[in-house]
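Structures given as structure tokens follow.
The two complexes that follow have chain A in common; it is paired with chain B in the first and with chain C in the second.
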Partner chain A sequence: MSDVKNWFREHWEIFAFVALALAPFGVSSLRGALGGQVTILFIYCILALGLNVMVGYTGLLHLGIAAFFGIGAYTMAILTVPLFPFQMGWLAATVLSIAVAASIGFALGTPTLRLRGDTLAVVTLGFGEFVTASLRNLEQVTGGMKGLNPVPPPGAGVSIMNIDLGTAFVVDPRWFYFLTLSALAGVVWAMKRLENSRLGRAWVAVREDATAAASLGISATQTKLSAFAMSAAVAALAGCLYAAMLSTTADPNAYSFNRSIMILCAVILGGLGSVLGTLVGVTILVGFDTVILPWIDTLLQQLLNHSPEGVLSFGGWRLAMVGLVLVMVMRFRPEGLIPSRQLAAELRGGQQ
Partner chain B sequence: MIGLTNGSLIALVALGYTMVYGVLRFINFAHGDLIMLSACLALSLVGPMGLVSTGQPPSLGTWIGIYALVIFCGLFCGLLSMVVDRLVYQPLRNAPPLAPLVSAIGVSLIAMNIGLFWIGAPDRSFPQPLPSENLLRFQEIQFTWNDLLVVLVVMPLIALAMALIRLTRFGKALRAVSEDRTAAALIGVDVNKVIRATFFLSGFLGGAASVVTGLSANTISYQMGFQTGFLAITASVLGGLGSLRGAVIGSFAVGLVGALSTAYVGERWANAFVFIVLLIVLVFRPEGLLGQRAREVS
Partner chain C sequence: MNSKLSAKASDIPILDIDRVSMRFGGLVAVTDLDLDVSDGQFVVLAGSEGAGKTTVCDCISGECEPTNGSVRFRGRRLTRSFGPGVFWMAISIGLITGLLVAAAAVDIDRLWLAVVRRGMVFDRSFTFDSARRRLRSYFRAELALDRLAGKWRVVSADGRDVLVVCDDFEEAKSLKNQLQAAVTARRIGPSTVPNTSDMADAAEPSQRQPPIPDDTLNRLAAGKSRIRIRGWSALLAGWIIGATGVIVIWSRSRGSPHIAARAGIARTFQNPRLFENMTVRENVLVALDRMIPGGSIALLLRTPANHRGEQHAHIKANKILKFVGLGSMADHLACDTSLLDRKRLEIARALATDADLILLDEPMAGLDEKGVAVVMELLHRMKDQGLTLLMTSGSLSFPSDISDKVVVLDRGVKIAEGALTNVRHDLRVKKRPVTNLL
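For the complex of A and B:
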């Protein structure tokens, strides 16, 4: 019996992904607006898993993950929109965008990784500002506040069995649902593999005790650098999917500090260093925004017989509620809702 | 000139970050947003206090009003910082270093939401009791009443804070706690009292800064905390976290870079240039300009 339980605990993701893959066939609302929201949720999950590499596994506070999200989306757009001469295919553009973001992560990491944790956090914060300022102001390249569009859908011009893939993506949103779901599944699989790989263990070792890790022959600099590049790459993948799905990069505010903070909050709320925790954290925060808040506001509206406004509206206190949750989680459950077992032991041990 | 006045305003805020970092070893990300709340209070008070835009050279009453506002908002922000410390940070004194930092982000979100309801979502213009004419006879250098305000309010406050820390018993205790909290407690320093006083002082300086920012920047908004905080955090990291003189020097550097990039490239690039300067300095001096080569605090 316990063997079955353990096996389930190790492989929960298989069931989750099979269920999610079958869902659009059963739940009809997933074909409409809800499907789009769930797709965005998957994209944020990928972004959060990227951040988790830095903050969770390696223990480096990163306040600018949205910058890499933006670098992914904009590189994707530059490589595909008709405005520029490249007009590459979707797959090639995605691969190249990820490579670009990873190299930028590498380039930023190289001079800054000998900084102490707090200073590094401020550098990532500044980098985020630098990137959003560039996205806003380099109008000839990034389109300024309008963003770049139209980003063609994946597989535009490619047809399989007489179905034009590009048109299929535009006509039926479920195509994007399946695309992001499989990307998320791939990232989750890679993260689970990484956790138990040489590299993943090196990340944790450097987080726990850089000196001890160094004495075992683990180069702290190289390990941190690989974490930096890896999280940049995963965030860029999320950015590519985001741009392709919206068919525009949207305006640069989508890649600002606020986005970084929300994703960071989700990772911390769910549980640092835990894949399942990260997914749950993102689902709770995004679900709170798109499902629970409107629901409570409608409920209030029915109770009061008129639409609540200003201070009285529940949705108006969204920021404060997220803030309060963060404070409370740090106070009573600093390891997050679904912590990685290792980190939980460490945090609890530190308190006693 | 604008670089110097901006720099000293940034310094007032950066001192708050660096002092708290000194005693608690964490970056108080909520500081900028508490200052924003204090600016909201200032906006609510300027009207009733009779400080309105007249275009006339300020009378003695105007100056007294401004000083009163600075002191009142300073007290408000100081007490607010102490309350936040008592409620949020104090229970986390022995928690892992990420915990207070994340809580600070939480506090800043709450503060932003309160500010949103206090003054509304759009930018609010701040009354200008000081006219914007140039006080100097030659036109090459701008020195307005607002610059004079900075000289008369901000610089004395910076000097006062530095003197307080250098010369008084409290300052000695604060430096001892920054050096080594356990050792300070062992020789009889009441560590919690020092931390509370540090939060009050950093809040007081921030509250004073909020009034001067409102008067000289002309507008405030519920989102101003981020910009205020960003420049001040960068300045204190540039100067070396925990070093008071470093924070002041870093602030003048940030103010100068901001002013130069505003003058030659455009204001919208200011933050980007500030980041580039930060990166260059940190490559050559990872501990900041005046920071100590401290051990990694685990």
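For the complex of A and C:
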């Protein structure tokens, strides 16, 4: 019995992803606007998993993850939009933007290696602001507040079995749903694998005690830099999907500090250093915002159909509710909703 | 293995501490310490609190750089040497910094427009060659023709300044040549010789000069060469700053502890520094990190070599845990273990690094009699395996058969050295406070 339970605990993601992959065939509303919202939710999940590498595993407080999200989106756009001469295919552009973001993450990591805790947080915060300001002001390159568009859908111009992929992506939102779902599944799989590998252990070791790790032959420099690069790469993947899905980079405010903080809150809410926890955190925080609230609002409007204007809207309360949820969780479950085994021990250990 | 043999043959001590002094500000922790440790020896560094034992450990393990003197392990200093890797790192990071600074200095916005964006308006295919041509024409302040909404325009290289708009291509072309001549004539700097074809066209008096403000032409002519100088100097300055930065950072981290660890020196700490929230086995696995081959991509794909390495590491970790007597604790969290287990786990971790020299910083401090016996017995077995051990101890009350040599420190100065029984009867030791620990 406990074997089955353990197996399920180890491999929950298989069930979750199979269920999510089948969902659009059963739930008809997933084919419409809701499908789009859920797709965006998946993208934020990928972004949060990227942040989790830095904040969760390696214990480096990173307040600028949205900057790498933006770098991914904008590099993708520059490489694909008709305004620029490159106009690469979707896959090549994605790979290239991930590489660009990873090297920028590496470059950000090099001078900040000796910083930790709040000092590093301030540096990453500054980097985030720097990137958003650049995106806003380098108008000739980034299109300023208009953003870059149109970003072609994945596989534009490629047709398989008489289906033009580009058109298929535009016509049916399920294509994006499946694309982001499989990207998310890939990232989850990679994270679970890294967790139990040499690199994952080195990340945690550096977080726990960098001096002891160094005395065992682990270079804190290399370990931290790899965390920087890995988190930037995963965030950039989210950015690429985001730009392709919206077919625009949107305006630079989409990559501002607010987004970084929202994702950070989601990671902390769900449980630092835990893949499942991160996913749950994003689903609750962002999903509440983008999926549940609009749904409640529509429901309310339908109920109060007779009233002349939609007086009662839930949407105005969203930030208050998010704040309340965060405070409650931090009060009663400081290690997050679904903590990693390690962090749970750390926080509970102090109380014993 | 080879180096081990040769070291033995030539009788070089495995660890050679030569007149090491360590000062922390005004506080002198160690003064002129000489200490040799031969292969397979068990050396005890004794002394009361504050005698500088831990500082000696720190100097050996690379935790801190001695103020004076040198520490040699197998005849060489444990600092990173300046290899081609550092050189190319400095060059490439310098280049990136230089490009960034240059981009800021030359108004990247306009450059980008000239090289990439205007190429699109002009409807020519984008190649590296055409990009290079456009880049050059931008810096030469060349004018260009382009077509927008059916009309021909004479524009500056970046397309921002529209000088003339005509319906007729020929007319636009000759106007362009005239203006080009005017701009080129105003240029200062090395390449002021105007293009001859431009001159020929300009000589035709048929076209009237369009009314372009003088300052626009001046700006077009003068700005670019200034920008060019600015760009190159910024590139150079950024390059120097970047490369120097890399070398400075590199030189500051030369003696990092992980280098000593990779060379074969492992250590334990006086207050065990475990990875508290990892299991006991994972603690040991971290130390076995280098046994597992493959970069991050190989880890993701779990290549066969990587997988095998991981399995071997697990087997070895279990073996080491059994050796130190923690076999049954492998899946407990490190923070849940007792002090004795923590000390033993630290030793297990040190063993796992495959070190030749293990520094044990007070492995018996804080343990009860039973615990001391357990650790003592473990040290015996480690010695039997041929490991070289350097142990610090706050007392001289351990069995005399285990240590080959005892060195007594008092306030950072070596006051006695030799076999345990001799040291115990040494007058200097007897007079010092360390005697009350006898």
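By definition in this document, the second predicted complex is superposed on the first by the 325 of 352 C-alpha atoms of A that agree within 3 Å, B and C clash if a C-alpha of one lies under 4 Å from a C-alpha of the other, contacts with A are read in each partner's own complex, and residues count from 1 in each chain.
Going forward, a contact is a pair of C-beta atoms (placed from the backbone, for glycine too) under 8 Å apart; a residue touches a chain by one contact, two chains touch by 3 or more.
These figures come from a predicted structure and were not determined experimentally.
Steric overlap between chain B and chain C is absent once the structures are superposed on chain A; the two fit side by side. When both complexes are overlaid on chain A, the residue A:Leu83 reaches chain C alone and has no touch with chain B. Contacts of A:Ala213 after superposition on the shared chain: chain C is touched, whereas chain B is not. Contacts of A:Pro111 after superposition: both chain B and chain C are touched. In the superposition on chain A, A:Leu337 makes contact with neither chain B nor chain C. Of the two partner chains placed by superposition, only chain B is touched by A:Val325; chain C is not. In the superposition on chain A, A:Ala133 makes contact with chain B only, while chain C stays out of contact range.
No C-alpha atom of chain B lies closer than 8 Å to any C-alpha atom of chain C in the overlay.
Residues 111, 209 of chain A are contacted both by chain B in one complex and by chain C in the other.
Those residues of chain B whose C-beta lies close enough to touch chain A in the complex are 21, 25-27, 88, 91-92, 94-103, 105-114, 116-117, 226, 230, 233-234, 237, 241, 266, 268-269, 271-272, 274-276, 278-279, 282-283, 286-288, 294, 296-298.
The touching residues of chain A, when paired with chain B in their complex, are 61, 111-112, 114-119, 121-123, 125-127, 129-130, 133-134, 136-137, 209-210, 257, 261, 264-265, 268, 272, 310-311, 316-320, 322-327, 329-331, 334, 347, 350-351. Across the complex, chain C meets chain A through its residues 61, 63, 93, 96, 108-110, 112-113, 116-117, 119-120, 125-126, 245, 249, 253, 256-258, 260-262, 266-267, 269, 273-278, 282, 285-287, 289-290, 292, 294, 296, 299-300, 302, 306, 310, 333, 335-336, 349-350, 352-353.
Here chain A touches chain C in the complex through residues 82-86, 107, 110-111, 113, 138-141, 190, 193-194, 197-199, 201-202, 204-205, 208-209, 211-221, 226, 230, 341-343, 345-346, 349, going by the rule given at the top.
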